[in-house]
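Next come two complexes, and both contain subunit A; in the first it sits with subunit B, in the second with subunit C.
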Partner chain A sequence: MDILKINHLKTQFHGLDGTAHAVNDVSLTMKKGDILGVVGESGSGKSVTALSVMGLIKPPGEIVSGEILFDGTDLRNLSEKEMRKIRGNRISMIFQEPMTSLNPLLRIRDQIGEMVMEHQNLSKKESYNYCVEMLEKVQIPHPEKRAKDYPHQMSGGMRQRVMIAMALSCNPEILIADEPTTALDVTIQAQVIDLMLNLKEQYETGILMITHDLGVIAEIAKQVVVMYAGQVVEKGDVFEIFDNPKHPYTSSLLKSIPKLGRRTQSSRPRLEEIKGVVPDLFTVRKYCDFFRRCPDATDECSKKRPALVNINSNSAVRCLKYEG
Partner chain B sequence: MKNSILKIKNQPNLVIGGFITAVIIFMALFAEVLSPYHPVNDADLMVSEEPPQISYLMGTDDQGRDILSRVIYGSRISLSIGIVTQLMNTIIGIIFGLSAGYFGKWWDDFVMGLTNIMLSIPSMIFALAIMALIGPGLINLFIALGMTNWAYTCRITRSQVLFTKSLDYINAAKALGYSNTRIMFTQILPNILGPILVIGTLGVASAILMEASLSFLGLGIQPPDPSWGGMLATAREQMFTAPWLSIFPGLAIFITVLGLNLFGDGLRDILDPHSYSKIK
Partner chain C sequence: MTLLKVEDLKTYFPGKSSIFSKKKSMVYAVDGVSFSLEQGKTIGIVGESGCGKTTVGMSLLNLVKPTSGNIFFKGKNITDLSKLSKKEVLNIRKEMQIIFQDPYSSLNPRATLKTILDVPMKIHGIPSDVRQEKIEYLLEKVGLRPEHASRYPHEFSGGQRQRIGIARALSLNPSLIIGDEPVSALDVSIQAQIINLLIDLQDEFNLSYIIIAHDLAVVEHIADTIAVIYLGKIVEQANFSDLYRSPQHPYTQTLLSAIPIPDPHKKRDRVILKGSVPSPLNPPNGCSFHPRCPNKKKDCETVEPDLKTISPGHTVACHFA
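Showing the complex of A and B:
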């Protein structure tokens, strides 16, 4: 069953220099309890897609068209009040920066307490007990003691765990994780990812994992969507994407990951980068957005904009090589 | 805790201002015990306009009342007016400033327009107009002064909200489905209380001055109740023949306002890390 289905979403930001097409016709599907990975460079529209789902696009941004079907209802048709009941309760979100995502003046128990008081009408005492229980679930040692701490008394990894505890405290059906491990160091990253996987099993929460870290995606995602310049360029099963990438962008991305053990005493092979930068989002081009950076570009690529072509039932690619 | 004590030690403004303020508050609380005479009833025309001496430390006024006692009792009026009216101003300012900064759009324009109008009318004139309309008296003073001075608090609150609401944890609170009221009062307000507290302390001082001015003009506290401004007003005619009549109430106003201003400045220095580091 599809818990989240985004159809032809277009989100734009209207600025003085024109309109930025941050998300340009994105469609994706997420099954209940699944982990869907969204990968892409900075500025590819990952975060804007997530914020669109949450209904948190602020002016000058605007969702221009498309559907966001959550459990069958289009979130775009809900009022702000109805949306607020869904946020935190049924769809929750955690952010990249654990250092600044917690209110510095509230004790941990009050932060988690506010959350359950908002959504579940628990009393102060009950919410405190619940908080300790949640801290235990996210594996924070001495939860009774730690609940009385302020955020500045905790490390980044612990704060991110507190964020996860808050986000999961109402047992949501979807957790949107916007680069949750980017600001953490590697060992803590592994712990946090492990924790998210465990909790996913326990609560059957679907996770929309947004990241530019392909390692994280390979570790946990089942389905992967690769985004570039506000569009989906490839989607499919995680093994398929990693073993047999179809879009030149995906394969370049995979080649640009540093690998351990490749370096030898005498020489080391040069790490491949993708030349150039993400194209600006203000103009809608008549040719492929990746044309100027693409290693496989042909003449045809400069004349025609590729469409998303379905390869099979759950994978698709946006490249002229696969068209026609 | 140890850290904050250290900080306070390095703040002469805060220590001196706090001490003066504490003394005034103590005076107001224990006026009955501290004053040697009753401020109104112990009038003895046989000793009218006596200069300062052992039995009347600050002398007596034209009706033979002890000025020291009247100054001590006067602190009650001054402090209660200063605190109550500034509290009203702060509450009005927070409600307007918080909602304007948070919701923005037409409401922000409206509130900002209103504050600009308030700031462009001299608050003294505004208070005078209200007092002339509703008549003199303590409660009316509360109303008049409690509605004239909120524009500063409102502006400061709004600017702080504009900064705070773009921080990550406010976005996180939104993403977790907190209601607007909850975000405003439990997430934003505690984080911006520092500057509001500072401007509030300074506001108490200016409210005390306003009350003294209004009483001086005869629109504030009515005789025979002792108020510093009112005492100055009646002492005006004997300024040269019996200067102690005006010196001591004037000194009381001066010291109180100075104390509160020092206290406010000191608070700003510890609450605002930027100005603190400059001092150190």
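Showing the complex of A and C:
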């Protein structure tokens, strides 16, 4: 069953320099209890897609068109009051920077307690006990003591655990994780990923994993969506994306990262770089967004914008090579 | 030729303590680091945040003052620059340059690219016509266009700014460049460009690099030897292939196993460390890694392991290696 289905979402930001097409016609589907990985560089629109789902796009940003179907209902048609019942309760989000996304003036137990008091009608006392229980689940040592701490008394990894505890406290059906481990050290990252996978098993939560780290995607995702300049350029299951990437962007990206243990004794192989830079989002081009950086570009690519072509039931690619 | 030799480098910072307390607390940021670097070679320093890797770089350049230890650069002791004459200091500064992590905050926003590259050369007394030529040459070397010279830093992307940082470091023909996380702030597709550029420049100018990074994959790609640092101490040092193929210290092993591999067929059984890095304000007794170590024995809590050589060029600080 599809728990989340985004159809032709367009989110734009209106500024003095013009309109930024941050998310430009994005469609994706997530099955219940699945892990969907969204990869892309900064400015590819992955975080804006997540914020659009959460209903957190505020002016000058605007969702221009498209549908966000959650369990069959279009979230865009809900009032703010109805959205508040879903946000944090049935769909919750973990943000990248655990320091700035916790309220520095509230104790941990009040921050987690607020959520469950709002959504599950627990009393203050019950909410404290529940908070301790959640902290225990995310493996924070001495949860009774830690519940009384303020965010600044905790380390980065611990704060990210608190964020996870908070996000999972209402057993959401979807957990959106926006670069949840980017700010963390690798050993802590391993702990946090392991924890998320365990909790997913336990609660059957679907996870929308947004990251730029292809390693993290390979490790945990089942389905992968690759984004570039506000659009989906390729989607498919994780083995297909890594073994047989179709879009030139995906394959060059995979070739450009140094891999541990690849280097031979004698030489330092040159990494295959992607030349040029990410295109700006203010202009709508009449040609492929990746044209200027593409190793396989042809004349045709400079004249036509490719459409997303379905290869089979769950994979698709946006490249002229696969059109027609 | 040995370009740089570091012996038992220690850099402590005064910690927070009550004004009434007589006991002074210290942050042991770098606590006895030794290594040497040959001309034209690269050493990579890896570790988690707070392990002291940046402080090592800053101490080498005397941007923070080392507490004790010796730094020899081309045979000359440069641990305390205040003991050297002004001319000698200027010469050493010319020879050792740094590329900073954040390409946004390490360039003066009010200076054009031309000024940014010009000033260091002017200070070192290079005549103006030579400087002009050199600027054009440098821009071309790092893959920027000559017309970029009149632009300001905000007009460039992150990758381009990092190229400016590299051009600035190169402008005085240094023999050593310290790169403090030179690619970690960049996008994945840009990282490869900068890594390739660093390698090309090294081959061309016979530069020595000290690359400080937390990303082992990047370090393994460009470094000849790698030092793994934990709580201000080197726990293992080896050439890149030995470190990857036969890591001896349990910390190196967990660090390697914690890195997610971009290959979905390889879902490994990883060793997951408990807890996080202890505070350098109050480091544990004995082996500094023992509170997190999966194969800790009784001795580890009390006796600090020495760095011992297990094969040529491979040293480990662990009782059981």
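Convention: the second predicted complex is superposed on the first by the 318 of 324 C-alpha atoms of A that agree within 3 Å, B and C clash if a C-alpha of one lies under 4 Å from a C-alpha of the other, contacts with A are read in each partner's own complex, and residues count from 1 in each chain.
In the analysis below, a contact is a pair of C-beta atoms (placed from the backbone, for glycine too) under 8 Å apart; a residue touches a chain by one contact, two chains touch by 3 or more.
Small disclaimer: the values here were computed from a predicted structure and weren't measured.
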Legend entry - Overlay on subunit A: subunit C relative to subunit B, clash or fit: fit
Inset, instruction - Classify the contacts of A:P258 with the two partner chains as first (subunit B alone), second (subunit C alone), both, or neither. - result: second
Inset, instruction - Once the structures are superposed on A, label A:G215 by its partner contacts, choosing first (subunit B), second (subunit C), both or neither. - result: second
Legend entry - Which of subunit B and subunit C A:A297 touches, first, second, both or neither: neither
Inset, instruction - After the superposition, just quote the angle formed at subunit A by subunit B and subunit C, using C-alpha centres and rounding to the nearest 10°. - result: 80
Inset, instruction - Mind working out whether A:L56 is in touch with subunit B, subunit C, both or neither, as first, second, both or neither? - result: first
Legend entry - Partner chain(s) touched by A:L197 [first = subunit B, second = subunit C, both, neither]: neither
Inset, instruction - Count the residues of subunit A touched by subunit B and by subunit C, then name the partner with the higher count. - result: C
Inset, instruction - For A:L78, select first, second, both or neither according to whether it touches subunit B, subunit C, the two together, or no partner. - result: neither
Inset, instruction - Please work out whether A:I311 is in contact with subunit B alone, subunit C alone, both, or neither, and reply first, second, both or neither. - result: neither
Inset, instruction - Between subunit B and subunit C, report the minimum C-alpha distance in the superposition, expressed in whole angstrom. - result: 7
Inset, instruction - State the interface residues of subunit A toward subunit C in the complex, per the touch definition above. - result: 41-42, 141, 155-158, 185-191, 193-194, 212-219, 238-239, 242, 252-254, 256-263, 265, 268, 270-275, 277-278, 293
Inset, instruction - Would you mind writing out the residues of subunit C in touch with subunit A in their complex? - result: 48-49, 157, 159-160, 187-193, 195-196, 199, 214, 216-218, 220-222, 240-241, 244-245, 254-267, 270, 272-277
Legend entry - In the complex, subunit A residues that touch subunit B: 54, 56, 84-89, 92-95, 97, 100-106, 114-115, 118-119, 163, 166-167, 176
Inset, instruction - Note which residues of subunit B are touching subunit A in the complex, please. - result: 167-169, 171-179, 182, 186-187, 190-191
